[in-house]
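Two complexes, one shared chain (chain A), two partners (chain B, chain C).
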Partner chain A sequence: MAHKRPNFFYHLHPPTLPEREARFGYTFGLGGISLLLFLVLGVTGVLEMFIYVPTLTDAAESVRQITYLAPFGWLLRNMHYWAGQMMVGVVILHMARVVLSGGYKGRRFNWLIGMALLALTLLLDFTGYVLRWDQDTAWALVTGTNLVNTIPGIGPALYRVLVGGQAVGQATLLRFYAWHVIGLALVAAVFSGWHSFRVRRDGGISHAEPAGGPTPRAGREELVRTESIAALLTLAALVGLSIFVNAPLGPAANLTVPVAEARAPWFFLWVQELLRSAPAFLAGVLVPLAVFTLLSVLPYVLDRRETGIGEWFNRPGRLAQGLFLAIVIAVSALTARGLLR
Partner chain B sequence: MSARRNLILAAAAILLAAVLLAAWEHQVGQPPVKMIIPTLTNRPELCLTCHDGIEEISASHPVAAFGCTTCHGGDGMALDADLAHAGMHGGRNPADLAVVGVACGGANCHSGDPAAGRDHIQRVDRSIQATYAGAIAQVRHAFGAQPDLTAHMGVHAVQDDQVVSPDAVPSLTAFAPSATDPQPVQQFSVNCLNCHLWAQPAAKPYFYRSTGCATCHALYDNDGLYKGGDPTISHTEPGHASAHHLTTAVPYTQCDHCHNRGNYNLPHMAFVERTDLAPAPAAETEDATARRLAEYYQPIGQFTRCEWELDCVDCHTAREAMGDGDIYSSQADAQYIQCRTCHGTLTEPPKLAAITDPNDVALRQAQVNGHYILQVGDQVVVTDRGEKLGQVRWSGDHLVQTMKATGQTYSVPLVQGSACQQKPDEQASRYCHACHDHELQAP
Partner chain C sequence: MTDLNERSADGRGPGPEVRPTIVGLPPHPDRREFLAWLTRGSLVAISALAIGQVARFFSYEPAGEAPSVIPVGKPETYTADTLTYVGAARSYIGRDSGGLYAIDAVCTHLGCLVEHSIGDGFACPCHGSRFAADGQVQNGPASKALRHLALDVSPDGQVVVNRSQPVAPETRLAANS
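Here is the complex of A and B:
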């Protein structure tokens, strides 16, 4: 009997994963759930592309065609919307788990890939938000792109590249569409693969090497079962939410009639709150970039010891954990203030 | 341990299956979508999914051509009521004067070329029914707030760049009484500014009506109830037109919703409603003629037979009711049809004019009305101001009047050759009323 080469599925579920860290109660499956949501977004997004028309005259109408006319279009759009929202939350929780349990120790580069994926997730969500093309999202786009104009030197040039002209219009919608469905999505897909590959290459889920004796290993069957439960529950939650709560949809965008206040999508509300009390360049560009940079260098600067892997609130990582939580609390507080307005 | 996990796995699978089944049920339970693609817009609309069975608004505005959003605005592709109705022109009534320019206006629609008589919106906006300038001028004059009877104010400011009539004024400012105005003028502004085309009607039987153009052209029953086929419009909540329908075949009952509802008590600056009307729905069951007499009759009025039997619009023309473009200071300046317009005088027959132009407004009016037929070559009565009364046609040996609301025909008797003893200098209608008085016997 010829030797059977292990297939890709086997490769992703190696028999070498430590039992303790493979438990659901350690990772909460957050990385896997993010990946699942990303796949759902890809599938539902491609299906939406069969109807969506990225033009000023037809965008809002085609969204309505998806929502009200196409069979199961409402489910498709709701799932795409809610998967997008859930993904932002799950990705941030995934980050929190990694920081708080020292998961990046010994594999800090993958943290940087993860940061890129966070940025891509937020940009994908924002570009998707724009494509809805109702009054709120179109004017949020105007506000958001105007921030680029505040960057000294390259700002105006960058703005023109971004919106495709002197002002938000047809070219902007087309560009944001292209970024959403290909530009960002493709990069995010490659980075997701790279991120997963790095996890596998770095020896599976991060774990401490036990002091003595062989590490108890998790069986492949056990891994698949855990993954399946997480995936099934995630999908059930997603579809359930999509049945009962419709994705928002407002009056079609009219670029000649400004709204009283364009509301940023919820994950950028904290920036909008900052903009209320600080100059646009500082609050809208510098602070978000500083937060992003700070998070990126966190494991390199504040948590350089290799001890405490897989250990919740490990002592060497306290400073990094504290800073991370402080940022999370500050951003959450600002977001809450924005939501309560 | 493993058995428990398998159980959780199975439960999760069942949960997902149940949720997917619920999604399926949700899709299957959706009412069938009814989509139209109006030929004028070529954009699909889903409004009829919910408003399934609503009446065609009029033969001139077929839904197959106009759809719903051309006039109503809103979001025709949304099936969520809030979203679908967001941005509608004037809520339920796109013909409200505040929005009519957007909803009904346009060069090819109702704010077009004045020469072709397509400037309805501009004319109505300056008409005495929309400005209420006459009443305001009268009251301000009577109580010393202005020295003359010329109108200076309307319920809204309006302007006329091309004054034609010597009686007309070029503009009106918005009437807003100041604290220094006499008390009755202030009271008037509080109590009496409720019967013009901008004003909301009183919400009670007989008074129910719409605003703007729909005040006259959307017929309301006395009980204010909708009797049509749209399942989303309440059939029990008063305050709706009887049908989703616009018409120029306007019966006297429609005019009655404002006119003939009572009298003004000037010393108290109050409106005194008629007390002799039966509750609206009961009257519907009575004999139509008796009901008509009861609803129209007012003890102080003198009425000729035509006023008993014809409808208001059979004599009063579009330009009287909707304005001729000028801003007048009183109803008397705007309203000019007299008995002699159709009946002539002892010395002169009524003036006739032939329809020669196939684009004549009178032809369009006849077509829109639908109850009378008019053709190029016909001879019709023409008024002092040049309006052709297409419904009063010369048959060859006598005048035939067709009622606009019912299509019933009358032979119009002429003064010339009759036993009438009118004096040549007494040609106003009030002199005719003195003899041709069909007032009911006092009960």
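Here is the complex of A and C:
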């Protein structure tokens, strides 16, 4: 035989790919890092399931058992928390890389799968926050679910399905646990696989086609080597963060006691800021949906040209890049305002 | 008058005026096309029914709604011109010259519990809504005033708050201090 038959891991990788796009400085490995973080979240999450109890009376207590009593439980919980927050950051950076280098060109369906994954990542982070059931997160749950109530027509019915009753309570915690642990996680896993498959089916990593004929190519061993280094560095950063910075843990939730300060999770601070000055349905439902829709139709409306693929800040995509950066700046500004209060 | 002996453009049946239009079914279907359409249609119909039943499953609400009439102690425990927060009823109980009153602590914006500011009025920690001492909106994203809730005295002499019965802001429960 002319070549070695690859194992499953190598088989998932293309036999060769253009050398230019195999370099770390082209994609920064962000997609792969997201996948790695997702796997870490799965493993650490399953381990936490051996102790965590999703009941109103025991949830906060079981989180304390993991953190203070189970051997290395503190590290496990910190890793789960930090992998989650890192993942939100990394997928947004990945989206930025794809937009700014025209990677969506000719691959619009995979862009949509990616947007779905973004939504799933944020929802997984939010449902995970809620499971902690401490004073900070319980109020985020109350306001978040009440936002659903403001939707005209289907709002109240949707609220009751989400909450599992007339008001936030035991049914809500159990449902959010089911969503977080399997409902959303399973869909995210399937979509991740589909997203990765589509990259290969759409012709491999998005790459520029220079006019001068075939370009030099790198082999899969070289790609896997680059990925491994990136994975080790990511894990080092994750473990380092988990050792030195603890995941937050507030007093156990009590929905009959007012709090002095109630902060949304950091990735929704921008929505909380909007809610301070605009009507609830507009600020909490319409605007986030509009932002999400705008980003989703980027390759359908703002940049339909297929030229400029694989080129950073390519000319045909300037409108899309500009709008994307404008959204990023606006959301960051609102988030900063929320943090500095 | 349509001549049914006339063939249609594809040569398979009566002329165009007599052709039925059914979604997904080609004109003049042969047996194979018809059976394929029947199969697809059945799968779509069954899937729709299944999804409908799953939605009904999600709509189940376990029993156990919180009681709406909550005892909050004897009238004597509430002194004049002070507001007391009672967690079990999620309300502020106050007393003035007319008697006792209860203000719902649930913010009318998105459901957080408002805090009683030192001095006067209430402030919501979630999005900054501010209310006057009588519940009227002073500031912030909330647009409706805090509700006043019905008070009554139970047979064993305790004041009870009825969270499902809002009343006018002037309403007072005459009860001795």
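Rule of thumb we're sticking to: the second predicted complex is superposed on the first by the 333 of 341 C-alpha atoms of A that agree within 3 Å, B and C clash if a C-alpha of one lies under 4 Å from a C-alpha of the other, contacts with A are read in each partner's own complex, and residues count from 1 in each chain.
Keep this in mind: a contact is a pair of C-beta atoms (placed from the backbone, for glycine too) under 8 Å apart; a residue touches a chain by one contact, two chains touch by 3 or more.
None of these values were measured; they are calculated from a predicted model.
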{"item": "Contacts of A:G165 with chain B and chain C, given as first, second, both or neither", "value": "second"}
{"item": "Chain B versus chain C as contact partner of A:R315, first or second or both or neither", "value": "neither"}
{"item": "Which superposed partner A:H11 touches (first chain B, second chain C, both, neither)", "value": "neither"}
{"item": "Contacts of A:L249 with chain B and chain C, given as first, second, both or neither", "value": "first"}
{"item": "Shared chain A surface residues [contacts with chain B and with chain C]", "value": "none"}
{"item": "Complex contacts: residues of chain A adjacent to chain C", "value": "139, 142-143, 146-147, 157, 160-161, 164-167, 169-171, 254, 256-262, 272, 275-280, 283-284"}
{"item": "Residues of chain A defined as touching chain B within the complex", "value": "60-61, 64-65, 67-69, 71-72, 74-75, 222, 225-226, 228-229, 232-233, 235-236, 239-240, 242-243, 246, 249-252"}
{"item": "Residues of chain B touching chain A in the complex", "value": "2, 5-6, 8-9, 12-13, 15-16, 18-20, 22-23, 26-27, 33, 35, 43-44, 46, 75, 77-80, 83, 86-87"}
{"item": "Chain C to chain A touching residues, read off their complex", "value": "58-59, 61-62, 64-66, 85, 87-88, 90, 105, 109-115, 125-128, 140-141, 143"}
